[in-house]
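Have a look at the structure below, then the notes.
Letters A, B, C and D name the chains as they come in the text, with residue numbers starting at 1 for each one.
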């Protein structure tokens, strides 16, 4: 059976990708953020998944406003990198895992999640930046296949935070029941606090972010109880993206441990963070399991 | 109890009503993800707006690069960004416009830890 | 507050529309079906809703296969009639009820239904034929506004029948909490048994249909427990459309009464039926309430 | 326990795998909802199929009007109907093809109460 080995929560700001693509990661503005990624990247490089399930949102690059799904899942074997207005990012195209996609889809629909099925999808920075956070130098190909899961965070009403956590729990059950011995990582992307337009543009709420960063490990239910209005009020109109971390968190299960985290202000107009959690499928270093 | 769109001072909450209102405008802005469309737009902005059936108000906001107006009348910020990209304007440039600051002032506030409210 | 006054279950076969459009309703082949509609049409003409919520599926006229939502809802103020390959049906365009759409959408998402929002939609025979069944001669305009709710019945996995019934129950709660004094009818469309392709093409299962026609009133839960596989096996690959009746049924509530029904074979390649139910918001004729 | 696509003798159950397989074909068939596309298709069917990147197998099935083949290789029946409409073929004509009957025989079976299985 498949197992989930780790979960990565990470911002997906386009400028993080641009900084890597433009070799600016040693610049004064960016160095603290990328230095903060170091320990997580090292650990992940030791624990490589076969498939990454990446929970993200599209930013007007693949889905128009004619049709806005609450939750959708890609079932294709290949996803092109989107042109976001400047030409596509120069990163490898994304290889899908249609067998796992189908398995997850059927299980989620059976459990009463009303998924939208995407047979075609151009993936934007919401998905490729987190892959770059995991693997800064992919060469010709990303090191794993990808199942994209998309969430409506752009148009009110977004799914409730509670529903996101529930989707994550069902996603965890679905992945673990996949009848192939593969290792899966789950990415929850977006956040942290930020607001792009309006008079409150530039909003950062470090207190809210720090609490979220802690509770995402220890008490996700408390975050699931925050209303949409409060996410928007406290974390900004785009900070509500953080509800996507709850899907990742739900999938990991109860027994997780924090490998590393980092928090940085600002990345472009947003607070940026990373938090990496190992599941109990991965033995603790130096533990008996690890020695076995 | 349903939870209709919350009203939060200084914040756009893009909902189905805004989406209906901004429909033609967002559709035009979305089209700019295609490089050929970007060329066509730049060659004759007004004609391009007409092709997408923009209202006079929407068209004027685009031609004037009235960023605040666009977001007030139903453009989603992620759609507006496509136009900013054509003008080589950054998110910080727009942030400055939305908050009545220069880009440098806006950047400085972010660097100092971001803007605080409430 | 809004009230739901009746629910109509009806087949939406294109040829029923074509028979009306082509003035063939008195032909030997069609007369029994249209005669069967008579008493229901008379009753509905006495009980006219302000808005019809029409649960149906698109048939490759508005939604491509790139993106298949399980459940979607139209939020527009206007829906054009689709060109299904022969030019659009010569019937009025459909006027939307965006205020009710938004209210229903927010309530359903709050309750954990993962709706897809359609800001634009060309409506096909799945929606316009049921409107014609209700109002054969609309003149220049349909007699009510419409909120379209679309269901994926074309691509496996369809929502489970149980989930459809649950959606209907939530839909009923949502409509009844709408803070305007309007009357609403709910249409459940599609069915009955039929299969269009494969060696079993032409399948009709009258026993299954008759049981469904009875239990949709008296025991919808028994129909909600039928698996997708059994719907397809018993009612045909397209007969699974019947799950959409359960959404209508769920919305009506517990206390309903059957006004009329009719069953006819064949309409094109399908068994066709109509069943009309009044809710307890409509007084029984001759009852004290009616006299009040 | 998940419920993967059921296999039912004599029945197509269109699922995501079929949808992936029939992608180009369904996309071409879907395009026929547009009257201009119908004209273009009729003017040069092979060129139209090439424009939509159909595989040789898909293209041949379209040119041959091999209705059964189309549904076997991933066309959804609701997409196939758009091509039948161009040929002025009815659903009963296709039903005859799928079941190895003439249209009249197929219609007669429906009129007699439909075909029974199991």
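Operating definition for what follows: a residue touches a chain if its C-beta (ideal position, glycine included) is under 8 Å from a C-beta of that chain, and two chains touch if they have at least 3 such contacts.
In this text, all values refer to a predicted model and were calculated from it rather than measured experimentally.
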Check your understanding: Any idea whether B-C or A-B has more C-beta pairs in contact?
Key -> A-B
Revision key, fill the gap. In whole angstrom, the CA-centroid distance of chain B from chain D equals 44
**Study point:** Cα-centroid distance, chain A relative to chain D, in whole angstrom
**Key:** 39
Review point. How big is the gap, in whole Å, between where the Cα atoms of chain A centre and where those of chain B centre?
Key: 26
Review point. When you check chain D against every other chain, which residues touch at least two of them?
Key: 3, 15-16, 19, 23
Point to revise | In chain C, residues with contacts to at least two other chains | key: 65, 68, 105-106, 110, 117, 119-120, 155, 157
Review point. What topology does the chain touch graph have (line, ring, star, complete, other)?
Key: other
Point to revise | All chain pairs that touch each other | key: A-B, A-C, A-D, B-C, C-D
**Study point:** Interfacial residue positions of chain D with respect to chain A in the complex
**Key:** 2-4, 15-17, 19-20, 23
Revision key, fill the gap. The answer for chain C against chain D in the complex is residues 15, 59-61, 64-65, 68, 82-87, 154-157, 193, 195-206, 227-229, 232-234, 236-238, 265-266, 268-269, 271
Revision key, fill the gap. Chain C partner, complex, touching residues on chain D are 3, 5-6, 8-16, 19, 23, 26-27, 29-30, 32-35, 38, 71, 76-82, 85-86, 91-92, 94-95, 98-99, 106, 109-111, 113-118
Review point. What residues of chain C sit close enough to touch chain B in their complex?
Key: 75-77, 98, 101-103, 105-107, 110, 117, 119-120, 174, 177
Exercise for review: Could you pull out which chain A residues touch chain C in their complex?
Suggested key: 63, 65-72, 105-106, 109-110, 112-120, 155, 157-160, 162-163, 166
